[in-house]
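By letter and in written order, the chains are A, B, C and D; residue numbering begins at 1 in each of them.
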Amino acid sequence: MTRVGVVGATGYAGAELVRILSAHPGVKLTVLTSRRHIGERFDTIYPALAGRVDLICEKYDADSLSDATDLVFTALPHQLPMEIVPALLKRGNKVVDLSADFRFRDPDSYEKHYQPHTARGLLQQAVYGLSEVYFDDIQGADLVGNPGCYPTSALLPLIPLVKKDLLDPATLIVDAKSGVSGAGRSPSVTTLYSEVSESFKPYKVAAHRHNPEMDEVLSREAGTRVQTTFVPHLVPMSRGMQTTIYAGCTTTNRREDFHDCLQSFYNGKAFIRIRKDGSPPDTLHVRGTNYCDIGIQVDKPSNRLILMSAIDNLVKGAAGQAVQNMNIMLGLDETTGLTQMPYPL
Amino acid sequence: MTRVGVVGATGYAGAELVRILSAHPGVKLTVLTSRRHIGERFDTIYPALAGRVDLICEKYDADSLSDATDLVFTALPHQLPMEIVPALLKRGNKVVDLSADFRFRDPDSYEKHYQPHTARGLLQQAVYGLSEVYFDDIQGADLVGNPGCYPTSALLPLIPLVKKDLLDPATLIVDAKSGVSGAGRSPSVTTLYSEVSESFKPYKVAAHRHNPEMDEVLSREAGTRVQTTFVPHLVPMSRGMQTTIYAGCTTTNRREDFHDCLQSFYNGKAFIRIRKDGSPPDTLHVRGTNYCDIGIQVDKPSNRLILMSAIDNLVKGAAGQAVQNMNIMLGLDETTGLTQMPYPL
Amino acid sequence: MTRVGVVGATGYAGAELVRILSAHPGVKLTVLTSRRHIGERFDTIYPALAGRVDLICEKYDADSLSDATDLVFTALPHQLPMEIVPALLKRGNKVVDLSADFRFRDPDSYEKHYQPHTARGLLQQAVYGLSEVYFDDIQGADLVGNPGCYPTSALLPLIPLVKKDLLDPATLIVDAKSGVSGAGRSPSVTTLYSEVSESFKPYKVAAHRHNPEMDEVLSREAGTRVQTTFVPHLVPMSRGMQTTIYAGCTTTNRREDFHDCLQSFYNGKAFIRIRKDGSPPDTLHVRGTNYCDIGIQVDKPSNRLILMSAIDNLVKGAAGQAVQNMNIMLGLDETTGLTQMPYPL
Amino acid sequence: MTRVGVVGATGYAGAELVRILSAHPGVKLTVLTSRRHIGERFDTIYPALAGRVDLICEKYDADSLSDATDLVFTALPHQLPMEIVPALLKRGNKVVDLSADFRFRDPDSYEKHYQPHTARGLLQQAVYGLSEVYFDDIQGADLVGNPGCYPTSALLPLIPLVKKDLLDPATLIVDAKSGVSGAGRSPSVTTLYSEVSESFKPYKVAAHRHNPEMDEVLSREAGTRVQTTFVPHLVPMSRGMQTTIYAGCTTTNRREDFHDCLQSFYNGKAFIRIRKDGSPPDTLHVRGTNYCDIGIQVDKPSNRLILMSAIDNLVKGAAGQAVQNMNIMLGLDETTGLTQMPYPL
């Protein structure tokens, strides 16, 4: 059985990886590393998992990690993965990286928005892990750059339509809203309960680093330069991301046409649920799951399409999609380990 | 001292009116009516106000209400006010109506989106109570149609710019998010705690009745037909509304120009706070207050202006603005009774 | 494979039953009934389960239900089950009832706190479904009265200690706190989001009907009349119940002794997690699971034991324990279908 | 007009002091100090107060502070105030300290639970600022030790009854629940939104330092050694504290007797609201106010009194009571600046 490890297991995305991988029937979770909790049992940090996970968090060490695993998830802040991933690949490990370090094909774009890239050579080799869209490439990949949560929520509804030229690429506006867990587990005033409760606000307005990420992918798929206007907002809730997208229609403004295009593109894809009646998706309906729910409406007077998506930012927006990518890389059914029943509330 | 009454005092907007008017130094609150709580003390329904309000809720009766008041707030679901307001006006009462019944100048538009209007003749006489914008008209009004919460949050940032032709009227998109109290106090599954918590979702997508309301006002101010795309969303919080507006720039895309235009238009207006550095407004910062905080950013690559506003949907979006309108109608300083200190958290 | 049905499937406890039973490997869910949603697909009421549950809600009919099922869960308000359960039992169905109707052995006690009982004869036959404690009786039962959420949270930590006379039965105080989903899905002002948010309050102080339920069981186990003081509180959260219990010590006040007694009693019981270091249980750690986490502290100066438990009120406090009881009745491993991984947050 | 300063103005209690004092008609707020935000405008840290507070946070300096103020509030973590208060008193300032440093009369008790006390001599001079109870002493005080939030919530209902020997002092159990703002504004994992939401839990079980504080006061008032069992809990909400107290009755178990005793003790006290019908107090009803709402029930079968209180932990539990104490020290009406209307929701 494939042995897997999680580097950065005690952050929120890391902990979700641990949850999913511990119950995954096709792999064995063998190593957890953490910078803050070396030597501590994972279930003392996340007592929800007491009785279910008995691993102890270790200090990161390339050799011992590589020896004990076949595939590694790196769930670290950007800049750290590019320092360790090359060594893991050399040792023969496959890697799914959840940071931004291997999401860009264009190293200049990465460097403009993040920092100098010390493993530029890997960017051409890395596959962008938007599972449903790049399934074929992921199958053969040794290194997957797992997409950001916002790009996942925007690209899944947009790509099929952009590929068919159903949207005017100059008109794309992405208004996205995320639960607070997206900001991670590092202590910070801005994510304290008393600062978040009853607070709804935009942030990094037209300045978020997920913007160039989604623009690079959209441009590739559209075959033309796409520059979306992107405004993220913070929602007083723990998990969930809802994105509302506005786009000018081109050849059609019939809701059914957009629905059919999406339905056809995602035919047979278990995690994409297109709402038949156009009714809006709701973060509560995808909480804790790997689903991406998509709703479609047309504002006829303005000839604008309104696309709406809902995902769990920690699952389809991070750990869930990462495991889905692992499944694809390993030749497993892509839903393996990800079919836990959703909660009705 | 002017005697005032609140019809529909036990709904959320009504209760906010009671809170503000009870402490208002320029008027005396004399009558509360309620359909559900006839004969009950108001402070048994809202125990927060025990020791502060000793009025008993009465059944609505035009004669006794009119005798006991000079000015009446009607905080009822639409359709009811148009049945009772004519009688109150005839008896010499001034009226501030918080429903949609007197917000439209065009009766056909009202009837298209609501129902037949039984007091069409009053629509020309009624003044749209967007306090900062229509101050002069409100001064002489006997009947004010208090704006909807969504229109208030969108019109305050938009009107000054639209009047100066700084925005392309064909490009307006209003993406708005409201706390749950906007749905009122009537029992309903959709506003139960367990349905709202961890739930963020669009609703009435491009189909909300506040859309024609804001379009009528914008069209008037722009001097041309404006049709905004409007998508409201429900936020898991009690109070607050944040609206993000996207608009194509025309003659300028310098942030400072938009800032100056707004600053100049609202110069001396106590409840409009334009954030100097463009930093986004936050519902938490206006909670319980009559403020409208406005933020401005430009997305240069797409030549789009991003306007952001935050209000408390029950205060500036309802009861607070209604009292502000009363102040203007009575010749009081418009801030009277509305200067309670905001909470830092 | 055993065929099961859920009567009252669209309430919160019913929906949780549907979630668990749909993925249960040992039974087949064949019938859902609902009073409000006859003819509607279950997944239109709970869209989280779209793609996972395709059943349509039916009107309750004893004959057709009985024909299509071997075991029935009744998730209805009390008073309704006692009207339908006798017929189901006669037709040969086994029944797990989630209401209070079959929890009492003493019909007078039931009638004092609820209403006249129309199936008194079944009370001696029914088994109180506190799974870990009455496992043996449940094995042979045709009718299980599933415990209330509060009694479950109080009895699991108390019973082993009471049986060993480690607590003074005259001193028991149960201070319990529940999330709002416990109040169900019926529309009501008191459970609206805006009434619950930022609201923490006691209710039914020393007057809740779960009090006689827990007292009857405790008295039986203690071999003496026990009358606990019981105060429930409402917490601004959706799911979860935390109970803090105060009791005078008798023969020992060493924390280890209480720990050992509980550990020994629940040895091998997968859903009872006794926290080794006495650290307090947290509702977040049991959310969505069938666990009961138990913490133990002693206040030496007052010679008082402090017991703390945490459960999910809808799972171990309702649907989860009901399925656990079904497993026991059917001779399956009691954890079958209940081992979904907990979420770390 | 009396000039006042706030040392530690950017913590939550400090910010509430700023809110109240900025609008206080009897004093002038002249100085704010902060350790983290030196040189920053207060309203950039708390933008809610933009347009209302224009002070800049300064570095603490005893001389300049003393010159610019007559009375100082110290809102710092314990241990810091005892280092600076002596100097302020020597310079002639009056001081209200919100930490634990001047709450204890017995220095050994303080040192046992906190750390060595470097200003032991002031403990006899300091007055415990439970405003309604120690009004007379506060009038003449130069130094007030402002009570902890938990002791305030427990002592206000208990003291009148303890003084009249209506409660058995050996039986007191205080089960208290606090909103998260009580933990302050320092970044910490435990108060992150995602850790708090859906989490209800006890903490510092029978080990919280507010326990000896309340016991010292209760023992003094009872004239006998009182040792309460005290368990605090954390509630997923921002503000508010609800405390449920259990006590054995002595000479009476009639609810009316307890009610009369409390009513008589607090006769004319504006901030104590005793609920006539025994209905439970609710944190939502006191949010943002200086009220302490008190409910009373008797559990006759066990002969136990159940006292319930609700306060806002940041107002009556901290800043509000501190200002109330200032009012008393300055000979102002004790409600001055504290009569802002409560919000109905």
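Miscellaneous remarks
We adopt the following convention: a residue touches a chain if its C-beta (ideal position, glycine included) is under 8 Å from a C-beta of that chain, and two chains touch if they have at least 3 such contacts.
This is a predicted model, so every value here is computed, not measured.
Set side by side, the interfaces B-C and C-D show unequal numbers of C-beta pairs in contact, with more at C-D.
When you average the Cα atoms of each chain and compare centres, the chain farthest from chain B turns out to be C.
Per-chain CA centroids place chain A at a distance of 37 Å from chain C. Each chain gets a centre from the mean of its Cα atoms; for chain B and chain C, those two points are 45 Å apart.
Our note on geometry: chain C versus chain D, Cα centroid distance of 39 Å, whole angstroms. Across the assembly, chain C contributes residues 12, 179, 181, 194-195, 197-198, 236-239, 282, 284, 287, 345 that each touch 2 or more other chains. By the touch criterion stated above, chain D contacts chain B in their complex at residues 12, 15-16, 18-20, 22-23, 46-52, 181, 197-198, 238-239, 270, 273, 275, 282, 284-289, 291, 293, 340-345.
Touching chain D in their complex are the following residues of chain C: 170, 173, 175, 177, 179, 194-195, 197-203, 205-206, 227-229, 231, 233, 235-240, 242, 244, 246, 278, 280-284, 287, 295, 297-299, 301-302, 304, 306, 308, 310, 345. Those residues of chain B lying in contact with chain C across their complex are 12, 179-181, 185, 187-189, 191-198, 236-239.
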